[in-house]
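Two complexes, one shared chain (chain A), two partners (chain B, chain C).
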Partner chain A sequence: MSGVLASMIDGLLVGAVYGLAAMGLSLIWGVMDVINLTHGAMIALGMFAMYLLFGALMTNAYVLLLPVMAAGLLLGIVVYWMSVHRVVGRPMLMSLLSTFAVNMMVIGIGTAIWSTSPYNVNFSLPGITIGAYTFTGNHIAAAIGAVVIALALQLFLYHTRTGKAIRAVADNREAAELMGISTTAVLTIAFGIGIALACTSGALVSTLFPFTILSGATYQLKSFVVTILAGLGKPFGALVAGVLLGLLEGVVTPFIAVSWIPLIEFGLFVVVLVAFPQGIFGRATA
Partner chain B sequence: MILRRPFFWIILAIAALFLYLPLRSNDVSLREDLILIAIAIILASNLNLMIGYTGYVNFGHIVFYGLGGYIGLYLATVLGWNLVLSALMAGLAVSVCALLFGLLILRLRGAYFALATIGVLQAVQAFVANFDPWGRSTGMYLSFAVYQPLGGAMRALWLTYYLIIAVMALSMILSLAIKNSKFGLGLFAIREDEDAAVVLGVNATVYKAIIYSVSAFLPAVAGALMFYKNGMIDPSIAFEYMLSLEGIVMLMLGGQGAVMGAALGAALYEKLRSFLLTSPTLSNFHLVIAGGLLLLVVLFAPGGLIGWFYRVLPRARKVIE
Partner chain C sequence: MKNVALLASVLILLVTAGFGQQTLTVGFTESKTGALNVDSLEQYRGFELWRDQVNAAGGIKAGGKSYNIKFASYDDESNSKRVQQLYTRLILEDKADFLFSPYSSPLTATAAVVTEQYGKIMLTTGAAEGKTYTLGNHCLFQMFAPAPEYLKVALDALKTKDPKATVAFVYEDSSFSVAVVTPAKAYAQQLGINVVFTEAYAPATTDFSAIIDKVIASKATVLLGGGHYADGSTLARQLYGHKVPLKMLTLLVAPDSPQWTELGDAAVGVTVPSQWAPQSAFKAQYGPSGADFAKAYAAKYNTPPSYESAGGYASGLILQRAIEQSGGIDTAKVADALNATDITTFYGRTKFSTAANEHGLQVGHSMVLAQWQKDKSGKLVKEVVWPLAGKSANLVYPMR
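Right after this comes the complex of A and B.
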């Protein structure tokens, strides 16, 4: 029984990182009505950015989150102008396909450089041992990192001028424009932040598990599930939903093979969509 | 009547050409090239029913093909059914699954549906990779003896080729028939404005579930034939995510919504891909080039090649549908 408990606690810690990954997806979706299908590729790029930086500098991996985040912001702005700006406000089919095209390009380049073999970041913090079970330091640190970033995002969205502008644009783009908000600038920044969050969560995941350039797809599916559970544009909702998903994985992993997990997550995704189309935490708007 | 449409006869002519070219010189390598093109046309045409006609993106279209392959191979080898019967049965089984499943997930609108299809692919793949009767992740292999009732392996390969070309022609005819039917008009209405369509009496949920199921049938039959011809199947080749994505690129490149657009895009893209894959410098980058192509088409020419052609020659719409 305590084995299940330990597995649940571990799932809870990893779940916080799922929540962080989903925040990026949910922010972009809520603000500009674009489902960002580069999300998985950006998570994978975050993993490899961490791998390269750690290989070059060999410092504390958590210090390296800052440059990864900054690079993610810049990358997000580039991707926005490359693929999203022309299709914002057009039928969703268009933005689905255009972000998807960028996803293919990133995965293609990544596969050419790193192939699809697994990599890992060789960094570990001392863990905490309780009885027969050890919780690795990396899991605990990653969960703390995810919570801190979620808190920062919440403060940014609700207590800064730019953050308020982002929420205003999400609510009603025309009205925001009439109030003198430059919507193009706001959309660019929001997309950049969304990608930065995806890259950061990828960097955190890379300290937990081995990864390949294709690993992002798994976390993208988890992000969809979390976003649907949480409703759009709520950092803390995403964090809570992420933790719930992690907890669920923790509960089932001692009993069934890991390869069944995509099936369970997908089942959950459909059930939630059909039963709670607005998300468990209320309205599906930001 | 569909027989009165000139394009119907063009489809038959294309299929006849596919049959005649490799037979003329008994050219096996040409036949293999044409098979790949035919499969691409089958996948793109049926995907067109969802994306082009109904406006719903299906990222997991390859599920039908792979599942059809599995069911067909299982029926043909383990139960010893004959090839045509097991291929048809595979198509029927996959279609029924798609219908039941479609009634559930097609209550989802627009983008939510597109996300669900990504999940369908991963979930089905996870299921098959854990399913014992289908050999889990190692898949299934045919023994050569299977080809005996058809008169040996060589005769069997030619037979599957004819059948695949027939499925290709049927895919295009199906697209043409739906385009010119009342049912097709209902789908177009859903694509343009789903709320308005519902108000005007189109039962959107049922229409969408039916087209989802119809778009599953021929790819599943083609999958059963193709994997029978290849003699083996495993989850990674049956549910090749790349092929699912490339289907979307083909369709957008040729022009979504037009029967000829899907076929043209599929044939061109397949040629481009075989060129890229055999070139030593570009083989690693074929995904990048496909992605770049898709991005350019989506941003600058959403009508694809056929859209450009219609603009240059508006009267061609009547003939090339």
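Right after this comes the complex of A and C.
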């Protein structure tokens, strides 16, 4: 196997996790027009939730994704009522400041509890070796997990009453209200799902790399690139865009220094913003 | 009643004056948060143990007085901007008499600008990069052997064990690692060792997959590099996960930490250039023996000391000796005493350059290469494997 092919496969595997990390941001942005700056902190909380649960239960880490997701949903609902509900529909600066404040609180409390020392989830699955290259079992499982969660979200949004209500609110909030949809309940659930997705992606990342309470910031930045690439409010598009971003990293890294990657990614970010302001998958609909 | 109170006050004053008990403030920042947290904590513990032992023994005795040591310290968040603000505060508001450096070369370089500006003595530890000492500073004194020494010891070992090895340098893009790797590449060339791949990575890197694929493609059999704890431990773990068939893996700083054992099998066989190891058998002319230091440290913190801890403690010792030699805490006299220092402590020899173009650079201290090996019971232990004269075990090569 050539180094370029191995690098592309690595890129695809990690790209699926980028996609999952971005889905929550994309959903919230698309449905309620709120740029959720707690996203990185919630990813980090997902990492620590996995760390604590795994330490306590010592079971298969992927089984623990379900309680992490449930806890994320509840946390999202709390955060929504605490800091987002009153600023929905108001100037974007207000929701930016409000979610940024929550972000700083979470980071501050997290730093006090866990400091900024790196933590690990010591769980590993056997990998697959092809020639000189080994693809770790955790990367493969995380990519599969990301795709399964993305498909489940897609089914939820398109084939359940609540999911359709979320899409309706994203499309036209006033019309949805006139049709008898409780937009407050829908926004609460949508925000909760967005946070649950962020926490779940954090939990998956914790099985791949060491992390600190500050680690979510990296994935928040990538999530912005992915969300812009996919177009707002397109969670499944976010998964595809994440995979594309990972693939791009995989294709270029054999030929350039890895430290150039952020330049290329944010260059792409600007190009997409200018050339495809609706994202490469078109108009926003959740 | 008034007279009794007055008499008591006079007596207290007389007693205090008789003992000459004074307080000396040592200021520094530590990285309680941020990327340097692990290494900085170990350095801090070295400072703290020194202070506690000196105070328990009645303080530093100089010029007929005893100086109890008080620390003034803040969290620099592993951030240069905070260091600049906080060292100014330590000098102006906390009235620090002497300063210790923060952990890491970049933070120390920032702190040095401030301490030199105010003419304050700073003993630098946890900071090996040498450029700072070439800038005409007068009050800086470096405890660590300079950066070019770090990988020399690993390359010497490699030249003896496997001169046909192919080497990859993969290192953190920070001033310290660059200052280590740049001369190491030249030294490898000088030794005739084949360097097949070189790449620097951003300090916050957590995913090394792309770099690891390149290392595999380069067919390197030895990897030298790393940076600090967070990136070094991640790199080692991922190299192990990707089953990269390395015969030798030498990383800077990270494997010296007692936390390294948390990596489990990924930790085995990894080597680290070390400023000090508990097995180092230097005959101390001043201060405790290595065994006594290690014992006291383990008793206080329930973990063995790293070289960052030893460097922290040794900084205190060298400052203490200079104060004793100068007979007080006058900055100019203590600086003279430091300039004249040539002493062996448990940490090894300490001598500062007095040449105008590199004043304060450490020229007496030397390094060893340590390797994590499994003992007979399967427990991970760190052994000194190079130089041969000071080894406590043979270098295991290939590493696994």
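General remarks:
Criterion: the second predicted complex is superposed on the first by the 275 of 286 C-alpha atoms of A that agree within 3 Å, B and C clash if a C-alpha of one lies under 4 Å from a C-alpha of the other, contacts with A are read in each partner's own complex, and residues count from 1 in each chain.
What we mean here is this: a contact is a pair of C-beta atoms (placed from the backbone, for glycine too) under 8 Å apart; a residue touches a chain by one contact, two chains touch by 3 or more.
Keep in mind it's a predicted model, so treat the numbers as computed, not measured.
Touch criterion met: A:Gly127 reaches chain C, while chain B stays clear of it. Using the contact criterion defined above for the overlaid structures, shared-chain residue A:Gly89 touches neither chain B nor chain C, since it reaches no partner. By the touch criterion stated above, A:Gly55 is placed in contact with neither chain B nor chain C.
When the two complexes are overlaid on their common chain A, residue A:Ser259 makes contact with chain B and with chain C alike. In the superposition on chain A, contact of A:Ala101 is made with chain B only, not with chain C.
By the document's definition of touching, both partners, chain B and chain C, reach A:Thr111. Touching of chain A by both chain B and chain C, each in its own complex, is seen for residues 111, 257, 259, 261-262. If you check the complex, the residues on chain B that touch chain A are 51, 55, 57, 59, 104-105, 107-108, 110-112, 114-116, 118-120, 122-123, 125-127, 129-130, 245, 248, 252, 284-292, 294-295, 298-299, 302. The residues of chain C lying in touch with chain A in their complex are 32-35, 37-38, 78, 173, 199-202, 204-207, 209-211, 213-214, 216-217, 229-230, 233-234, 237, 241-243, 245, 262, 264.
Contact residues on chain A toward chain C in their complex (touch as defined above): 2-3, 6-7, 10-11, 14, 111, 115-118, 120, 122, 124, 127, 129, 132-134, 136, 138-139, 208-212, 214-215, 218, 249-250, 253-254, 257-259, 261-262. Across the complex, chain B is touched by residues 35, 82-83, 86-87, 91-94, 96-98, 100-105, 107-109, 111-112, 217, 220-221, 224, 228, 257, 259-263, 265-267, 269-270, 273-274, 277 of chain A.
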